[in-house]
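Some structures are shown below for you to check.
There are two complexes below, and they share subunit A, which is joined by subunit B in the first and by subunit C in the second.
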Partner chain A sequence: MASSHIYSAFDEELKFLARRISEMGGLAEQMVSESVQALVTSNTALAQKVISDDATLDAAEREVGDKAVIIIARRQPVAADLREIMGSIRIAADLERVGDLGKNTAKRVIAVQAQGVPRKLARGLEHLSELALMQLKEVLDVYTTRSAEKAKSIRERDEEIDAMYTSIFRELLTYMMEDPRNITPCTHLLFCAKNIERIGDHATNIAETIYYMATGAQPEGDRPKDDTANTVTASVTE
Partner chain B sequence: MASSHIYSAFDEELKFLARRISEMGGLAEQMVSESVQALVTSNTALAQKVISDDATLDAAEREVGDKAVIIIARRQPVAADLREIMGSIRIAADLERVGDLGKNTAKRVIAVQAQGVPRKLARGLEHLSELALMQLKEVLDVYTTRSAEKAKSIRERDEEIDAMYTSIFRELLTYMMEDPRNITPCTHLLFCAKNIERIGDHATNIAETIYYMATGAQPEGDRPKDDTANTVTASVTE
Partner chain C sequence: MNMMAETTTEPKQGQTMSDPAIKMMGKNVTVHYGTKQALFDVNLPIRQNTVTALIGPSGCGKSTFLRCLNRMNDTIDNCRVGGEITLDGQDIYDPSIDVVELRARVGMVFQKPNPFPKSIYENVAYGPRIHGLARNKAELDQIVETSLMKAGLWNEVKDRLNEAGTGLSGGQQQRLCIARAVAVSPEVILMDEPCSALDPIATAKVEELIHELRLNFTIVIVTHSMQQAARVSQRTAMFHLGNLVEENDTDKIFTNPDESRTQDYIMGRFG
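Our next item is the complex of A and B:
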């Protein structure tokens, strides 16, 4: 009876961590979505909201970390239970980073608002963020089901985001070459696009952590990666 | 006798983690230093070396993580010992990210080598990396002594790096406006400067983790931060 009571309390503690992580995921998604919306509509009030939301996410990460250490010390879990807790810490750290990337984008809204974001480019950034958010949403769904199979398939889809980022990168360079007045705003947009691209990397990290929680192993092989934006050398003649 | 034997084996395991982290720190420092050297001297062979060194750092991080979980499961540590192990995982993750940032810089060497890095700018980037590496070196020294006091003081020095990054950011924008042929290489240099600036953030994270390992608490208050580069809007008229 006593041991079943202990088990159930432990179970509650694990559920607490899982609930906090789902909440963190929801807030991180919202921050990213709102930061891009603020950027393409030059909405500084919305940007300010994203910046202040980041403190909530930071506090949640600290709470998950502190709680995890307390649970390990008190329950001395092993095997799958221990992996569950260690995985929670890693996922919370990735979600906190996603929120940071949203905040970084929001901070640049002020720098680009004077000229606004060109319509064509706004569509590209929105589409990039939709892809990144879709990947994040799927990985958070996989977190609830703990399917190693699905976690592995998400990990293989980051390439699409990378390819779109490279295309936006090229487009921004072109705008900058067309008119020097575009240089400052487009530079900030380059960093915004990079922020969004990196959300895909964090979703991939989370997928790898879920795979580890479910199986105790790291997924094999390198993650697929399209790195071409790092070496883009757009032609400036004509 | 048996318990002293167990204690000493546990001690050896903790020492193993600490040794691996020091090795990771040394490799991460070397990668950053070589990536900047490769960048300012357009040395693609050295850049290639940095890129392949990253696999060693990734493997070391996984080893620390796996070993940490095994130690927790086997020894069921609490209090300071548990914090020591949890802290090792976090520090290993930060050092792995520092290596990634070095690798990212190395990857851009190819993109900028055609035009090379302007002498004046090279000096700026070297100086920025010296500051970041000094901060990293100091934090790794503090890791060996576990001084909470020193960890706290390092955390307060990231501002200097941020201010220098902002100045390089402005300078790069100016070069881009002067001549459209500078746009592509300077864009890559912007990302390199950002990579180096972020090394300072990771050194600060490590300082916070050391403070946590030593005291069981997070350092109080926000970390000092100069974010002005996010809102730079250089004038293009004249």
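Our next item is the complex of A and C:
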């Protein structure tokens, strides 16, 4: 935002949206990180905190939406201003979904805690969430700079998370085949892994929105994908 | 950059609409008022059956350019117009051009409604009568009726055609002026801030009318209201300090203009 508007109140309104989005990003990050921590340490109290934090994130998303509607009605924004506001609505929706995914992981802590999470698997999930959180954190940094170049490079890195997810998927299948008693916790863990993988997708959505806000164009080409979990099958070997 | 090129040509139904024939063309148009230069080498096509909006801050040259299109600047003593302006490929500043006939082909509607101090009927009938467009009273009646219909005013005035035009409301007077412009069957209609003296309802009616008139006429409108340009035009030209900054599809100008000066102006920022 090189120069300011003749209406200074308009600048304040746009700053308000940006500030709210950054706050939402911080809270969403924290929820995801704590949900995975609660999962691998079987910490139900922490899981409960994540679940109750979600209401705050939901309220913030509604606030961004309401404020954006008022700005559109009162200012009739165009060009970069309009893209800024439309982008804020979309990013708030993505962050709200990230919070929901963290909450869903937290809810599964209770179901999984009876048997605990095998150490090796826990490490895999932690690594997956580190990748997703790093991507989320970077995309939120890019949001503050509005760099189209950086947004584009983040979008091209979702591949790593997808590959990691596929590997966890295979691992979980192996555990389930080893012992049917693993099926319940492993199914929950599978959803947890999927939740974390989805966070990467939302970070990518946000990167695309930032690119659009900065340039007015949609990023070219397909997203790189290495998510082959949908073709993985359990091969029973005697 | 590829993506950007795509967005410009995007409106698919526009493919036929987006490339209509060029009705008027300004080539390297310059205007001097005495020693002061008001326009610098403006190259601007005016497309047929298209509403072209000219926007820009006060003193940017948009009204000056508009007035060049039917030689209204001829009436200003120390005004000199350079470059070339064509109508259907013919230079309108050529000495062989009859200015009265030119202004019948390129009509004008002004900022303030200016009906003649005559009846509603006479306001509309005046042009066709002096240009000899009607052979008898019945034909003239017909022209008056269709013109008032095209201007969306017929139903409001059909029972009081002999009352004074000046007795109408501001919005009705402006539509009467549009009917008067339409009555001589012009090809191009120039509008210089036609709604700036009207309330929002009358403005909406005139804008709706502009939208309909586009089917039969080529329209060039100067407006200070960015929202109006966004609502009524298909093409928008941005002027600043006597230069044409940018001309493009209105959709493109109002979502992602190429020039930062355009962006700053339409977003209401300090330049």
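In this section, the second predicted complex is superposed on the first by the 231 of 238 C-alpha atoms of A that agree within 3 Å, B and C clash if a C-alpha of one lies under 4 Å from a C-alpha of the other, contacts with A are read in each partner's own complex, and residues count from 1 in each chain.
Here is the rule we use: a contact is a pair of C-beta atoms (placed from the backbone, for glycine too) under 8 Å apart; a residue touches a chain by one contact, two chains touch by 3 or more.
Since the structure is predicted, the reported quantities are computational estimates derived from the model, not experimental observations.
Q: Of subunit B and subunit C, which one touches more residues of subunit A?
A: B
Q: Could you tell me if A:180 is touching subunit B, subunit C, both of them or neither one (first, second, both, neither)?
A: first
Q: Report for A:220: first if it touches subunit B alone, second if subunit C alone, otherwise both or neither.
A: second
Q: Scan A:79 for contacts with subunit B and subunit C and give back first, second, both or neither.
A: After superposing on A, A:79 lies in contact with both subunit B and subunit C.
Q: Check the residue A:107 against both partner chains and state whether it touches subunit B (first), subunit C (second), both, or neither.
A: In the superposition, A:107 touches subunit B alone.
Q: Using the touch definition from the top, say if A:120 reaches subunit B (first), subunit C (second), both or neither.
A: Neither partner.
Q: Share the list of subunit A residues that count as touching for subunit B in one structure and for subunit C in the other.
A: 76, 78-79, 82-83, 218
Q: Sort out for me which residues of subunit B touch subunit A in the complex.
A: 62, 65, 69, 72-73, 76, 78-79, 82-83, 86, 89, 93, 104, 107-108, 110-111, 114, 173, 176-177, 180-181, 183-184, 187-188, 190-191, 194, 218, 227, 230-234, 236
Q: Mind pulling up the subunit C residues that touch subunit A in the complex?
A: 2-4, 7, 226-227, 230, 254-257, 263-264, 266-271
Q: Going by the contact rule set out above, which residues of subunit A touch subunit C in the complex?
A: Per the touch definition, subunit A meets subunit C at residues 3-7, 10, 76-83, 215-218, 220.
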